[in-house]
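What follows is one structure encoded as structure tokens, with my remarks underneath.
Labels run A, B, C, D, E and F following the written order; every chain starts at residue 1.
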């Protein structure tokens, strides 16, 4: 592993450090500063010639600044003759812009994929993209990991429930929830958000049978939690017994803490793909770490071992 | 329109001719032949210098041969100094390969998008891609039309039903069916294809309320109809009143004719994005034409008028 | 001019509006918003098919967000089939990162040039890049205008002085000041910032004759004004009669307002390439507008007239 | 050789297996299937991360399907992080489309070279391209082997003749036959296919002296054998003693078997660059194997030894 | 034609001027100079924004300097916002490097095609490339004209002969001579340059019947004329009645004038694709002009008329 | 070092040989010849498969021919499967064309950077580019060395002076001289070349204090020495005690030898980045070798050691 280096931008420093711990190496040093005109300046502080370099950076708030940091770090590494650069993006937020559902908008997920390449990335390592097809936006090899088995395994082991149903917050999430439900071997339901009649505007309609069951809401990310509040109300009206929620990316922005607390959801199980500040941590929130998963993937990318094996047969992972 | 030319490969000659009729121009001539070693040979038989050229070709059986035809036609046009080449692909079949759901497979939808560009396309005009994100696979402007309002309008006008529900054949189709249901202002349901218990293997589970309703199954394409047979049985067991099906692409390959006839579905409403041979046409099958839609889009692309307007406000189109 | 559109990002809205006034057209509408996860979302609100589109955006604070806005606007325009996209960047701040003066840093000016192209720009229109060679970072046509004659003409006409000398704030600015001095037909001097002896650390050394003269300090930008304070002190020690300063880009960030007020410089003549908030405007600060210059250039780019003529023979411009 | 993998498409499975035997490795597994809509689906069944991968596929009937297979296999390998992909194309059929001898046609040989690269190939290994210049169509390293010495050596050793002449079937083949004749140290002749007088339409004219000699016809490929029938008649009329034919690629399509049998040519010496079905094998047909040649080239590409040495001094090869 | 501009490098100034005369426009001005360090400097002296620009330059001695001139002229035009740049290369000398006939050499014809594009060309217009496949080296549209009918028509009309034979100077030229012979409706022969027996080293062997006929030697270019001297001797020994020679490119370098004079060839018919200095002009040398042909092609490229029509049906052109 | 190869073009053969001596390897063989039509032909005479290859070539007279040599050598190496190609360009002359200081000219430094890449270079190794920003013209890693400390160290050790001043020959050189002056810890001055008054046309004006001091003129290159003659006269008039000159590139073209001899400059200290013929060597000229510097850099590039360390802390190098 002597020619392997891991760097990090400002978005996930603690995750990057944990990854390094799992790899048994030190985080490589770099210096990020700003000129008085707000321009970023990056200095890589270790020799990277002919090294296999990984740069950890999630696209979290301030998103554009963090993305630009990643671009400039990679450009510095490339011009410093790194042998290969892998952008490790645990949370690739612009993946939500994956289609053109209004005229004259940008499919920004694709734009970012192109810019990441232009800025110097040779590969990408990421977790639970908003939709699987976003993988195809990249014109370089992508290792697309999933934390779904990790979350499913945690819920399976630590949460008590007899009759459960996996719930998607909208029709677009049905496929993701279908996979999640398969891991837990439970049925599924979806919230159909359309306006059905004039008097039923803000409420979604529950498609599927949830009455007297434990509803395990599942989504790729929790951001402000605003839609979640509505979803929880809809499910309560539909007569669920209790609620749990799982999501890979705990973005938790804006009024998230207050919104989450206001619901009857017993537990929110997320991962650390997004850095969560201490003040947001509550008993209601369980944070699982993807550091072992990312460390294992980095090791295998570096040595040329199969990553597919990690996920074969839909088995729950050993982490 | 004097500098506008429309050519066609072998896959949709009658559709191409109808498009030209709507545009008030003649189909431009080309000659496709094969050398004795099975290599394709294309001769463009009209001057295309500085012309705005559209090539119509669906990716239908034999798929690879039809795709290669498109590539070679576009290469011939490009080297003959066409000003701009738009690949008009009413049915882009490889869009179904839009993700990596097994290790070491190709996201062939993206590969095709890249090859289409390399072969000379400057733009793409297509209809109802398998998933919206496939739009983002292309690194050139794409006009992605939809025939969903066309089909919804037909069903609304010509089919009789009081209480209806739109049904997705699997979780992955939930989003598409959600939009379709919105057009018709009816609720939705989905078939959850997972194996729930050991004794219920081949049957899907209906998520949502379908009992005593007219089930309007909706999908992007009907290929062999095999899954459809299973879906119809599942819905019958769930107590639907009767069934109708809508789909943009009537691929109708293999045992499709027999399979469709064997179900209790009253009507299959599809479009002519795929050429349907006469022997497959039955009373059970209604074929709507996308020729007016494509002709209008081609005219607007050529003259620089907005195409977004065609679909604004989710209104049904005037065709 | 009917196929000409001007859009603007958030950085220079008033400048963009003035440009449109000079062109006799309306600013084209677009909508920039943020999702709850801090991702930008751009909707272009006018048909741009086959239009010749210009997007005005300076790289001002918050720099990375403004750059990303430009990228996403251009991507939306490109996918909406704009015929040609010109990025109008009155202040291209990353141009200062134009060399590798430390190991393992990024030449970010070049990186930005590459990303601007990748995001959809076909041309660039800019003013007074930090060094002339930055023009060569772009792999597309660049119209590189200068506001130096504008500033020189203003000083010549409105400021009184008998014996003047143009002063560069460091050796790197000597060439720029040489040109400026030539416009005014006065000699030049430079501040040599190196440490000459151990006891003379923070002070620069004046190279050239400034005693009893009006020193006209000239630079490409004024950011915090911190170095300017030192320069003014150095010049005062060297016995100048009085001081004026000219600079194209009035970045005026951080403690700029206080710093400028603390010096004995009588007048700061800048332009509006950077938007200057009202509270920063004082009698000491004269802001000239580049709107007529940019409008004229946009008109000529659109119609194919020469822009070189605008600057021929080193004559002061007619604006 | 532990990081060397050889895969094969459907066109030359037995050749690929023989190559592996010569290399002392096993053919790596992959699975090619078709979806019901005729779309190809490829699953690579071995870990290829950081491996040096070779994919064997000739462009034989069905040509377009075989080419697409190669593209999709390479795309799957690339996205599975293969270190380097070499397309081994023993018979590159589209090389015959190497010029624009009519207006508005495609130089499809060049198009295929571009698509092969876009689909993921880093290198190409091929044998006896239709013209040497086709090598220049590729924008990546090509190892262009020749089987001419192999065929010449066989004829020299196993066929009896005293006075022989090498014959080109048309003027375009003169150069190839010139080289072949040089290997055997015999004179050459060509068939000039033009219409010389009004009464001599279908017959070619023999340029050169063939009377009472053994004519050794040489070409790059034998496809239907139709032109060969005419050539043999022309040579018979010109008084040759007897005839032998050599060609690298035994395409043998259409009525080839019947056509070959109908001529007085004693022996056809070809190689196995194209898979020849058993029913086409006759005493008249001698098939030499290029497997040792390809295996040796693959070994040298993998280890970095010279391939040029294999052909130095125009010597016959040791295989 | 008001937006059409023709520029020229230093290689063919008189040809460029004649082309302009035929087009009824003035040659556009530019200035080529050299800095003291031998670096070229080009100043374009006319506004070319949005213009359709053609640059005439043959690759004649000093070849590398003339090529670099073309590159720098095109780069200046591109950065000056020319709308489209067509490199008009009447004699593309590196086309002779079109294959790899020795290990580790460059296929320089392809390299030049790539560099021409990189330097800014959008199209190429050229005449009689050494081999037809060189057309395929370019990744942009090429109009590949031929002067063969021009030369054939001249010989047919002005030279007297009863029984003639077209002669290729080596096997590689057989195809070109085949076409030439077809224009004149005469048979062909080739000189086989290989060493047949130990005592016949330097002489070639005549393949075909030339005795008592007028030999019309045909080639793409005449450079030093050294091989021609040998060819003429070989043909004389073979008993030809008399000799004429045709070639598109009269390179006439080194001892060409002396060599040509030393042969018994009565007339050399060439064109002005290469500038021929006055001192090389003799009664033995007939120079036909390609200026009308190039002017017509430029006009058609500019206006979008067919160029293929110029050569249809193998008819002699009207120039 | 067994997989390291160094080749050279015709421009710096002795320097390349010295580099090899320092590396302890032999210069790898290649053969450069010209066809009769002045086209270059390169044959690489050593196996380079999977080798790490460096090609030494300065851009010296005849510049265009030497550049083309480099292009063709690299293309041959690339197609011969070299693993990595580093263009070692000790003197990159076109770097002087680094801006657009007149309308419609080429920024040829950027054009050359692009062509070098297109021709096959993966990296560049160069010394003292005319301006630091030229580094940013390259879209591949560049190791940009400097010989300034080498020259400064020589002057410091071998030349005697008490009060010295570093002099830039024009404002554009101020920055370079600033760095040089910092190495020697002396003040600086510049020659301001503008016409100040009507009677002072050809003379420059000295900005800074040079009276009675040793003027150490410093520039990046000495070409004809013409401006140097003027500079020396200007400095003499300004009362300097004596003069020394340092420059990295001793281009010494045209009347350089005579011009240098005609000045009162005591010593010219240059390096061997440009090959200097014996007849130009005089006692006045001291030539330092960059061979150790380049050899060390090549070694570090090959093995992946840091090159930045060579220049850290502004220390004089150990060579």
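The rule is short, and it goes like this: a residue touches a chain if its C-beta (ideal position, glycine included) is under 8 Å from a C-beta of that chain, and two chains touch if they have at least 3 such contacts.
The shown structure was predicted, so the numbers you read here are calculated from the model rather than taken from an experiment.
> Note down the smallest number of touching-chain steps it takes to go from chain A to chain E.
The least step count works out to 2.
> What shortest step count links chain C and chain D in the network of chain contacts?
Shortest path length, in steps: 2.
> What's the overlap between the neighbours of chain E and those of chain F?
C, D
> Over half shared or under half: which fits the residue numbers at the contact of copies chain C and chain E, same or different?
Chain C and chain E contact each other through largely non-matching residue numbers.
> How many degrees of rotation bring the Cα atoms of chain D onto the matching Cα atoms of chain E, given to the nearest 5?
For the C-alpha superposition of chain D onto chain E, the angle is 180 degrees.
> With centres defined as the mean of C-alpha atoms, identify the chain lying farthest from chain C.
Farthest chain from chain C, going by C-alpha centroids: D.
> Suppose each chain is reduced to the average of its Cα coordinates; what separation in Å results between chain A and chain F?
Distance between chain centres: 51 Å.
> Which integer distance in Å separates the CA centroid of chain A from that of chain B?
Their C-alpha centroids are separated by 33 Å.
> Using CA atom averages as chain centres, what separation in Å is found between chain B and chain F?
62
> Mind pulling the chain C residues that touch 2 or more other chains?
In chain C, the residues touching two or more other chains are 79-80, 100, 103-104, 107, 114, 306-309.
> Show me, using the given definition of touch, all chain pairs that touch one another.
Listed in label order, the chain pairs in contact are A-B, A-C, A-D, A-F, B-C, B-D, B-E, C-E, C-F, D-E, D-F, E-F.
> Spell out the residues on chain A that touch chain F in their complex, using ranges where they run on.
On the chain A side, the touching residues are 3, 47, 49-51, 78-81, 83.
> Across the complex, what residues on chain E touch chain D?
Residues of chain E touching chain D: 98-101, 103-104, 107, 109-110, 114, 131-137, 139, 144, 168, 170-172, 174-175, 177-178, 181-182, 185, 187-190, 192, 194, 196, 205, 207-209, 306-309, 311-312.
> Which positions of chain E touch chain B when the two form their complex?
Residues in contact with chain B: 123, 141-142, 300-301, 303-309.
> Spell out the part of chain A that touches chain C in their complex, as residue ranges.
Chain A residues touching chain C: 35-45, 48, 59-65, 67-68, 71-73, 75-77, 79-80, 93-94, 96-97, 100, 102-108, 111, 114-115, 118-119, 221, 223-224, 226, 251, 253-254.
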